[in-house]
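Once you've had a glance at the structure underneath, I'll fire off some questions.
Labels for the chains are A, B, C, D and E, by order of writing; each one numbers its residues from 1.
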Amino acid sequence: MEVKTAIEQKSLLATLTPGKRTRLRRLLFEFGPGQGTLLFLPIDQGIEHGPRDFFPNPASKDPEYQFSLAAEAGYSAIACEIGLASKYYPDYAGQVPLILKLNGRTDVPPAEAPLSPCNANVEDAVRLGADAAGYTLYVGSPRQDDDLIQLGHVRRDCDRFGMPLIVWAYPRGSAIDKKGGRDSFYAIDYAARLAMEMGADVVKLNMEKIDPEKDKDSPAPYNDGGFTQEDAIRHCVASAGRSLVVLSGGSKVDDETLLDQTRFILEAGGSGVIYGRNVWQREHSAALEIIEQIKELMLSSVTRIP
Amino acid sequence: MEVKTAIEQKSLLATLTPGKRTRLRRLLFEFGPGQGTLLFLPIDQGIEHGPRDFFPNPASKDPEYQFSLAAEAGYSAIACEIGLASKYYPDYAGQVPLILKLNGRTDVPPAEAPLSPCNANVEDAVRLGADAAGYTLYVGSPRQDDDLIQLGHVRRDCDRFGMPLIVWAYPRGSAIDKKGGRDSFYAIDYAARLAMEMGADVVKLNMEKIDPEKDKDSPAPYNDGGFTQEDAIRHCVASAGRSLVVLSGGSKVDDETLLDQTRFILEAGGSGVIYGRNVWQREHSAALEIIEQIKELMLSSVTRIP
Amino acid sequence: MEVKTAIEQKSLLATLTPGKRTRLRRLLFEFGPGQGTLLFLPIDQGIEHGPRDFFPNPASKDPEYQFSLAAEAGYSAIACEIGLASKYYPDYAGQVPLILKLNGRTDVPPAEAPLSPCNANVEDAVRLGADAAGYTLYVGSPRQDDDLIQLGHVRRDCDRFGMPLIVWAYPRGSAIDKKGGRDSFYAIDYAARLAMEMGADVVKLNMEKIDPEKDKDSPAPYNDGGFTQEDAIRHCVASAGRSLVVLSGGSKVDDETLLDQTRFILEAGGSGVIYGRNVWQREHSAALEIIEQIKELMLSSVTRIP
Amino acid sequence: MEVKTAIEQKSLLATLTPGKRTRLRRLLFEFGPGQGTLLFLPIDQGIEHGPRDFFPNPASKDPEYQFSLAAEAGYSAIACEIGLASKYYPDYAGQVPLILKLNGRTDVPPAEAPLSPCNANVEDAVRLGADAAGYTLYVGSPRQDDDLIQLGHVRRDCDRFGMPLIVWAYPRGSAIDKKGGRDSFYAIDYAARLAMEMGADVVKLNMEKIDPEKDKDSPAPYNDGGFTQEDAIRHCVASAGRSLVVLSGGSKVDDETLLDQTRFILEAGGSGVIYGRNVWQREHSAALEIIEQIKELMLSSVTRIP
Amino acid sequence: MEVKTAIEQKSLLATLTPGKRTRLRRLLFEFGPGQGTLLFLPIDQGIEHGPRDFFPNPASKDPEYQFSLAAEAGYSAIACEIGLASKYYPDYAGQVPLILKLNGRTDVPPAEAPLSPCNANVEDAVRLGADAAGYTLYVGSPRQDDDLIQLGHVRRDCDRFGMPLIVWAYPRGSAIDKKGGRDSFYAIDYAARLAMEMGADVVKLNMEKIDPEKDKDSPAPYNDGGFTQEDAIRHCVASAGRSLVVLSGGSKVDDETLLDQTRFILEAGGSGVIYGRNVWQREHSAALEIIEQIKELMLSSVTRIP
């Protein structure tokens, strides 16, 4: 079974209130590659994994590295938490838009029933001049009740302040592990739809991994083995509906894979990518170089104007 | 033992405040089949089950499909959550009334003690121009304390804003499973009464399944085997008292069953049906056709004017 | 050991604020048997047990039955939850006072650590014209911390709005079961005192059952076997101090037992009874008849003017 | 190791805001024995233990007994919960100061991780004309997080309203039991300090019991066996610093023990005693007699003027 | 692998709002050793460990000892909880700045999933004239969700009131124990970064202990054994970025170790030390003497002006 072309979606911007539209347009058209695409630089790994991610490129331990990279290379926005937003972003205000991530957690304790607690709120985002708020949703976690209530508060504040809402939609927890795992087509397709239904303007997804052995544990029709990875991407983009989709890179991969998945997501109707370690674990000139390649590829692959 | 005719109930509308009456009249008389009946189209399966429900009819993955169907076929209202209500409903505002469902959950983790957390509130419903708010209550769940407190907040806001309250009354959880199960006459009769007692204006119930083997585990008199399914429907409608009852269809059944249960519920004094997958898992013209049949049958079977 | 006569208590009304006094006087003197007595009709069984309680008298399933009975027979008040109070009480406003019960739970899940969650608040009671608010306290439940905090909020609102507070004081949970059980003299004596100490104006108790075998597990002096049931009633009334005591009937008993316990409680200094199933599980004329007997007996047995 | 004399503390009153100073002076100088001492009558046993404590002296079941005793014998204050404060204290307003205890719990469930939930707040205390608020802190309970947060709210309200805060500092729970037990010098010394650090103006402690066998489980230096009970009292008073210390009596002891511990605490720099059952489990004239003895002894033993 | 020199950080003060800058400058330049260094005296051991820490120097049990020492010896600030701040600090107001610690817990119960509950808030700090608020974060605790939410509230209040935020960043709990333990380089490096990311202006860390055996359980690259303690300190200071770092002493060590670690931290770009028991467990003149040595060493080792 296949989805040949992504479902044609009406312009997202047309459905947004003036505040959200004003801010999101900055990311889509005024900064980054432009033409309605999104290229985000995330620097939340110090919370989610700890400083160990900075060792491959010692310069990356200083947040200045990522902020200056984002501004110099022309990202659509940089995504970080309150500490960096307060102490490092001010020097770059106006040079690169800010996505304030509102929740986060360390990976120290086991995550059978994870919840990412909010350490900041939408009013902080407004105060800091952010153009979007970010929220990590652990789709399918046994603590989904706390998660969805918390997200509901964030979503309402976003509506109240006209702040675009970007949801990091991550399948996680013991129950997902039993149904194909966090990277399965089933899990990520569900995540895409749930984030959209909860009011996300942009959904951040990880790349699905088709694994026939694991997929057998997913519910039908995901368990029947007839899907390619391209099918899966198209489906997930369609599941997010009018919400824009950005694909994340995860840990560092080789350049070809990185560029391939960039092209896939844009051709499938996605709006862009969010690459952290894949970019800032390189030294400065190498980072600028790969970003330039990504931006060019994005503009030549873009299929949807939001 | 039997209940030959449903208990004659005084007009519900006569007991409602002006705000609730204004809104509920729209659903009962101005839209849908009319004559005091209710025909709802639910599109919350993307949250409750994930996108897997859309595969039988790929067009159904795009929420436009359900919204245009609801408007074109003349439903009493469409029921969805905040994401769809924000991004898809605006194009149909005024063409079909909106029921904003305030809570929801994925079916990924096991549900021995389920709770459906609120991701939106009644003020969102007011802001979006909804004519009713929807709430899923898991009757008999070990977490009923959190559930009833949460519902209490929703109910008070509905009273404050004059917003009709529709309760999806679902018996669920490990304790219900030990007493006959979620579809037993005992469980659904209890659900009908509880929802009414908690302040529902409309109660959404699933069709009971008489199963003598399972019913033995229910308390007396439900365990004595003397009830037909028609008895059960009449009892449940009576248990809901002045609150209107709509029956849901659940997963797709054959047309005859669908039409039979539609007639049963209306003859028993119920006010209508809420059919999702049974309708939108059909292609467009087939969907329109069955809706037309349902509407005609409803009008010819209606026994109660609220 | 015995308590020959109930401790002489000062008038409760004299200690109350004007709002509470105004409302409670209506129940004690203007409605019901009068002369400072209380005769309550509870109709919360649909929540606490489900519709199964209505089968013995099918007419009782329609709340109209209890409301009209309460008004026609001249009860001091009818006690129900928000749904019935909103949809059925309005027709009887001014004909019989309303006690709005604020919390309730189904008996579906096991109750080793029960908590009865609030689904309404005192402001609802004010809005609906109620003359008292009702709260179920599970004395000795392992969740007493949540229970007492919740009751504290209700009590403060009652003080703020001048609303009399009636506490259904029920010993419950695994710990009580190990100390003689929910009906033991120990448990009910404790319940009477706790409710009074928490600010109840009226305490609703179940009749104690003296059971030497079970009482051995109660702490001294309750475990020494020297108490009659009359002793126990007198003690419990004394433990409630200035708070008025009403005795409940529980499931249906024979008329002699019913009238005996009515007399006992009033002779012991209690203020009345709360009879639900014992009354409305009878057909209409039989119900009116027993109520008349109860009222006469109350007036001839009354020993305390509050 | 010994603490020969209690650390000389600066006047507590000098550190207090006008509201706290005004109210606390009433207890220390205007009522009770005077000269900066404190003699409290607690009547919260009906909550903490149930009515069983009233059997030794049946008259004591009527709260009038304790209120009239407190007023007639000239206590510094009577300590009770909201029910008694609302229904019995008004007759004695102005005759004996009131300490409103804000939290309490039954002893029905096991107490491995106890928490005493608040059923009233400081605003209630203000409204009722109380001169202090009381709070029970379970030092070392596994639920200390909820306890300290709850106490923090009470403490802030006391600061806001100028209401003196009296902390019943009770070591409790499974962890304390493993380190020498609730009556150990270690546990009570810790309790004294913690209560002071949390903002108590007066700390209520139980008398330590030196038990070399149990003390071995306490941390150093409490486990080395070199302490007398007099050492322990002095240490605990010193640990409470500028906060005043009152010693409780617990269950009834013989008169000699009672008077001895009264003298000990005052000689050690404590400010007084809180005797409930030791007093009101006696009949009226015997109670007055022992109170007179206690008051005289207090005035002749007092070593600290706050 | 090594970090030869600490990453050059821009002035912290330049990034702060006027309120935070005003207050933090007092600690850095007007009190204590000056020249942008920090020397804190903590007196929260009475809560965290109980009075047992005061036995080595009995005079230290009276908080006057620490307050007068802090003022006389010229500390940058004294850190304590609400009780001491209310009852002892007023005499020293203006003589030594105050850090109000907002949370704390006893060490009585086991700490597999620790949380330090707030007993005071930032408004208390403002009211008491404090120049900073202190918060203990248990990095990696299974209860990190409650912890980070609580810290988020404190951080927002600090932003609102212009109050500098000092985070005691302590790796703790069962999960950390399995990954090298609370003193491992991995754990403390993570703690430094997390505190900075959560908005700390100053981060308080414990000295790492390199232990090849335990470090094997840490994630790469911390598990490869190639780090010296000097490397570790430099890394942790770098991980805290623009947030200032102070190193704590823990239990009493010999003078040489104490002075060595003071020098290490300042040479590594840290801003100072927080020494409690190492100072006030000495008698008065010895304490003054070691403080003088520490201050001189700090000024001669300082490498960073914030």
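Just so it is clear, a contact is a pair of C-beta atoms (placed from the backbone, for glycine too) under 8 Å apart; a residue touches a chain by one contact, two chains touch by 3 or more.
Just so it is clear, the structure is predicted and the values come from calculations on it, not from any experiment.
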Hypothetical removal of subunit C, resulting connected chain groups: one piece
Residue-number overlap at the subunit A/subunit B interface, same or different (half cut): different
Cα-centroid distance, subunit D relative to subunit E, in whole angstrom: 35
Computed distance of Cα centres, subunit D from subunit A, in Å: 57
Of all residues in subunit E, the ones touching two or more other chains: none
Ordered ring members, subunit C first, subunit D second: C, D, E, A, B
Interface residues, subunit E side, partner subunit D - complex: 44, 46-47, 50-52, 55, 58, 61-64, 81-84, 86-88, 90-91, 104-106, 108-110, 115-121, 124, 127
Interface residues, subunit A side, partner subunit B - complex: 1, 3, 7, 9-10, 12, 15, 139-142, 144-146, 148-149, 151-152, 155-156, 159, 171, 173-176, 179, 186, 189-190, 192-194, 196-200, 219-222, 235, 238-239, 241-243
